[in-house]
Amino acid sequence: MDAKVRELSYSQAVQEAMAIALESDPRVFLMGEDIGVYGGAFQVTGDLVERFGPERVIDMPISELGGAGVAVGAAVTGMRPIFEFQFSDFATLAMEQIVNQAAKMRFMLGGEVSVPLVMRFPAGSGTGAAAQHSQSLEAWLAHVPGLKVIQPATPHDAKGMLLAALEDPDPVMIFEHKLLYKMKGAVPEGHYTVPIGKADIARPGKDATIVATSIMVHKALEAAAALAGEGIDLEVIDLRTIRPIDRETVIESVKKTSRLLCVYEAVKTLGIGAEISAMIAESEAFDYLDAPIVRLGGADSPIPYNPDLEKAAVPQVPDIIASARALVQGRR
Amino acid sequence: MSATAKKAAAGAANVPFAFRAYTPDQLRGVLHKMHLIRKFEEGAEDSYTRGLIHGTMHLSIGQEASALGICAPLKADDQITSTHRGHGHCIAKGAQVDRMFAEFFGKTTGYCKGRGGSMHIADVSAGNLGANGIVAGGIPIAVGAALSAKMQKNGKVVVCFFGDGANNEGAFHESLNMAAIWKLPVVFVCENNGYGMSTSTARSTAVERIADRAAAYAMPGVTVNGNDFSAVAEASTTAVERARRGEGPSLIETKTYRHRGHSKSDRNRYRTKEEIEEWKAMRDPINLFEAELQQFGVIDEAGIAAVRAAVEAEIAAGIEFAKTSPAPAAAEGLNFVYTELQ
Amino acid sequence: MDAKVRELSYSQAVQEAMAIALESDPRVFLMGEDIGVYGGAFQVTGDLVERFGPERVIDMPISELGGAGVAVGAAVTGMRPIFEFQFSDFATLAMEQIVNQAAKMRFMLGGEVSVPLVMRFPAGSGTGAAAQHSQSLEAWLAHVPGLKVIQPATPHDAKGMLLAALEDPDPVMIFEHKLLYKMKGAVPEGHYTVPIGKADIARPGKDATIVATSIMVHKALEAAAALAGEGIDLEVIDLRTIRPIDRETVIESVKKTSRLLCVYEAVKTLGIGAEISAMIAESEAFDYLDAPIVRLGGADSPIPYNPDLEKAAVPQVPDIIASARALVQGRR
Amino acid sequence: MSATAKKAAAGAANVPFAFRAYTPDQLRGVLHKMHLIRKFEEGAEDSYTRGLIHGTMHLSIGQEASALGICAPLKADDQITSTHRGHGHCIAKGAQVDRMFAEFFGKTTGYCKGRGGSMHIADVSAGNLGANGIVAGGIPIAVGAALSAKMQKNGKVVVCFFGDGANNEGAFHESLNMAAIWKLPVVFVCENNGYGMSTSTARSTAVERIADRAAAYAMPGVTVNGNDFSAVAEASTTAVERARRGEGPSLIETKTYRHRGHSKSDRNRYRTKEEIEEWKAMRDPINLFEAELQQFGVIDEAGIAAVRAAVEAEIAAGIEFAKTSPAPAAAEGLNFVYTELQ
């Protein structure tokens, strides 16, 4: 029997996943800055501290490096921490523990431990928070073997992938775009998982493939809807997981459409679109390509404070429409 | 010795430091700046509510005496590093409110040409190397500026502001240690307003007095009433003079309180209304300072009213300047990323 | 008149550049762990502390985050620090200062400051130092606007590019492969610069282009020499700068050879080869491509301790030969 | 009360702690392990010179009493985190030298199946969560393990080893603070051998006694002679019992010295030959312990010789085991990167 499906916001979906985990698994606990009575900077943990107590919803001092290491240590000794960075930008303080310890510990110890650690990174621009609170750094972590990195784009996936992450024995890094938190979508009740490593064809089409991540999935769908009116039929792939990438789904799509546009918010250079493009260019799909592979990524600048400049620094729907149209029409 | 100082020395023995050290004119200047900080932030808050400013901001209302007391002994070319709650520091170090408003409005006439906003407000020409969006991010930078000062033998002192929450960051520890072993001319100022966002110092910090951590770096540490301008100025003067003499860093903890929430999205669930009201009613730094100024005959009611009026006018003009200033053009998006891009 | 040219090792060349800078510019100073009397973990600073004193060759405590921040603070207030990470892996501790502060400060402050900071990162595997002392993390920094990132491959460039970095008003990150330190090459005496942002055609050829970085330049040249015997004529480009990339040189080469192989030691996924490949796949050179773009990068694992596994984890000459041969012969 | 303890109580009042707390058998066991650590490292050094081990290694020769004294009160399922100079910790916590040698030789029979080497030596089954290549990298991990212990109410205590150099890392500060505010069952052990690589504590650390930094985290801090097994064991027992009672963390500083260079590439330019010779001649922990054991009649010359002989045999067998063990196959390169890959 199917679970009842409600409309929930993205942040409610994440919260519901955490509540289910806290309820069903005594090893699960939450750690982060102001996730207790404050409810989290983006109100994602909400009232979980009231429901599960301050011992399982831990407000930590402003100590990202140490806190991340505490989560690593707890993970290797039998717990299942969910660690929230208040902003993904603060991961810059904890790269040591994420990259040198969490990602490598199992390997360095020859398989003697697992590091079942989930970390959540509220990411992205659009809130007027300027250069140090608006970054999209997921590509850094996708460059690191030992980690899994996901970017759920919908409330449904946010819940299901978080629950999948909690079942994963290895460290899973979840990038959540801040502008998605308020977005609503259909979310089943109860426990379900959405597999890590599987992309979703959010819109089937035949004229070109757009591979998008996170909030860009929605912008790409909007662009696709607009272009449908012009008779251009775009396939939109929601990549969902950026390490490991679902090669097969992307390759099959490109073989079908012969055109590829990658859309992502992170800085274009060495953002995830670079990997998608390179993956296709060295794959069997190369021979199917009828046009250059186009990337639409963030500008080569920090995120500016001024709201107009801020918007101009990352791809917007009109940019995607223009790029996709040119790609399909063979202009560049 | 100033006139005020002479009068004071002749009178009661326990005249507060500021009334011994500064002239009445200077003290009235301090009051002016106190109001300027307060009204600047009220103006910014109001503009935010009207949708003229976007993003978020962290108001220091209630903490004005700390910023001004610390900056009191600083020379124009001394430097500071500031925090996300940095409007007060910026004004205290000499910035103009019109260019600050312009920055908040995202305009090219702003101190950061609209690229930084509240969280990166700076005025390099006045010695403010900038607010910082990263908690404790400015602490090592201040140490680096102090290292510069020592290497260049230019006599500058650097003041490093940060909050109680920042004192648990690794950067705090590493920075204070380096400043100490290299005897750098830097003064560390922990503005302890009781909370790092929602987390009280009792829940976040193993020691009760943050100044006690100074011992771990073999530097002097002192806790003062951060809402008492004179007490702060006295502690700062001691520390700045020590730094200027080449004897190394100090740590000052100013105990204070922010009247507003942490940022624009705070619902104040981690503290009580009573607590907030008590601080506002009993320990507002402007009220305290005005009372003291009157007690020592530095100003009267009319004088205070004149200060307030002057400040209101300055604020109104500042907002107008910001409103009518031009916004950056879209084509200028890459400016300032690299020096060769302008 | 040309300067006298001697044979110097890579580390001697770096040291000579620093000595020239210390001698000629009072703003220059060095900072790092054990760079004083110890001479640096790789003996790059050598006896500079004896020549210039401990005030200009500063042994800092083991405090990478704070130390990096001190360098940033000194740079914005008139000094020109050269900061040595003992191993590039420890950059994980200082990403906050590098990425949030050094890279963005000029931008966030609307151009009111410059951050003339040089950082040196001994990088790479091959020394048996295992997973936490062998990483190649340069792609992270090449993803960050505001930074310049270089990887000199020869003693000549190591000196000339370090001197160029010191003339640059913006932060320049230098990745030096540890195995190159002992390598000898011709180095002119005195001051000269090698421009940042310009690639070098290390070997002209017509059958395929290899774009390589750092130590891989030498391995690629070896492979090219071997394949020359088989009548395969490879062009080898030493990229030298990975931010900003010299698009023109790479594009022109690919237009000429119609085949591209990217060789780099970092983890393949999202390593610099991903960017090169994507850059070509979206450029005018796309239409000239006669074969998929191939990447040869590091394995999808941390660097293992066991020496055979360690070698197998990064591209070696036979791997390059096999890939290049297959690329030219159209097999894949 | 043990037999030794009874004898001691009956005898002189100032019998060292270890001779009151442990049986003669236990004490001889400690001596055995002291020699085992020493000989293991000499064996590793020798194998390195012969080209059987590659990479680098950090020898703890001269520091054996610290590792053993600290681990003395630990139960089998208590846990430790260790450092790049971690061979002694590993043996003290119960690892076998044959599998350690095998690891150094890069073999599949090694504790890390040849993936980790000296810098990542671990024995998870014996409670050693691993050495760490990152200075201070293990400190927060130890705090996390202690948080686990507290949450799981399993009574475990975690010991966190690190060096004097590590005490200036931000991770040290953040970790000690969290352990203190959450009252976690962890003991922080700073093995102060006077140098972080080439940099003396005097040049790197603002305070003279690192244990004094404990006050910044409101936890007990004590400095002991790290070359005196009994003194270390006593301090450790106090701290471990405190942790076990749920009263929170402690910081122990063991003052010691490494006879060898920092790593295989050290030329000892930062310290004098005399200094090294003095520590070797006058303060070698094994010599001191042997003298004490003889003084209290726990062992005689012949007994010592027997211990040495047993150790030599164990070492020889360990090296042989390592030599003859299989190396991992090239095809197994991706094993252990993810759990599903084995």
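Think of it as A, B, C and D in the order they're written, each chain with its own count starting at 1.
Convention: a residue touches a chain if its C-beta (ideal position, glycine included) is under 8 Å from a C-beta of that chain, and two chains touch if they have at least 3 such contacts.
Quick caveat: nothing in here was measured; it's all calculated off a predicted structure.
Between the contact lists of subunit B and subunit C, the overlap consists of A, D.
Look at the CA centroids: the one farthest from the centroid of subunit C belongs to B.
Averaged C-alpha coordinates put the centre of subunit B at 47 Å from the centre of subunit D. Per-chain CA centroids place subunit C at a distance of 38 Å from subunit D.
Between subunit A and subunit C the centroid-to-centroid distance comes to 30 Å (mean Cα coordinates, whole Å). Each of residues 112, 114-116, 120, 132-134, 137, 168-171, 173-174, 177, 181, 203-205, 337 in subunit D touches at least two other chains. Looking at subunit C, residues 60-61, 63, 65-66, 89-90, 93, 96, 100, 107-108, 130-132, 145-146, 299-302, 304-305 sit in touch with two or more other chains.
The touching residues of subunit B, when paired with subunit D in their complex, are 168-174, 176-177, 180-181, 203-207, 212-213, 215-219.
Put simply, subunit D touches subunit A in their complex at residues 79, 81, 110-116, 120, 122, 124-125, 129-130, 132-134, 137, 139-149, 151-152, 170-171, 173-175, 177-178, 181, 335-340, 342. Touching subunit D in their complex are the following residues of subunit C: 33-34, 36-39, 41, 59-66, 89-90, 93, 127-133, 299-302, 304-309, 312-313.
Looking at the complex, you find that subunit C touches subunit A at residues 65, 89-90, 92-93, 95-96, 99-100, 103-104, 107-108, 130-132, 139-140, 142-146, 243, 245, 266-267, 269-275, 277-278, 280-283, 286-287, 291-295, 299-302, 304-305.
Subunit B makes touch with subunit A in their complex at residues 54-56, 106-107, 112, 114-117, 119-120, 132-137, 165-166, 168-170, 196-199, 203-205, 265-266, 269-270, 327-328, 330, 332-334, 337.
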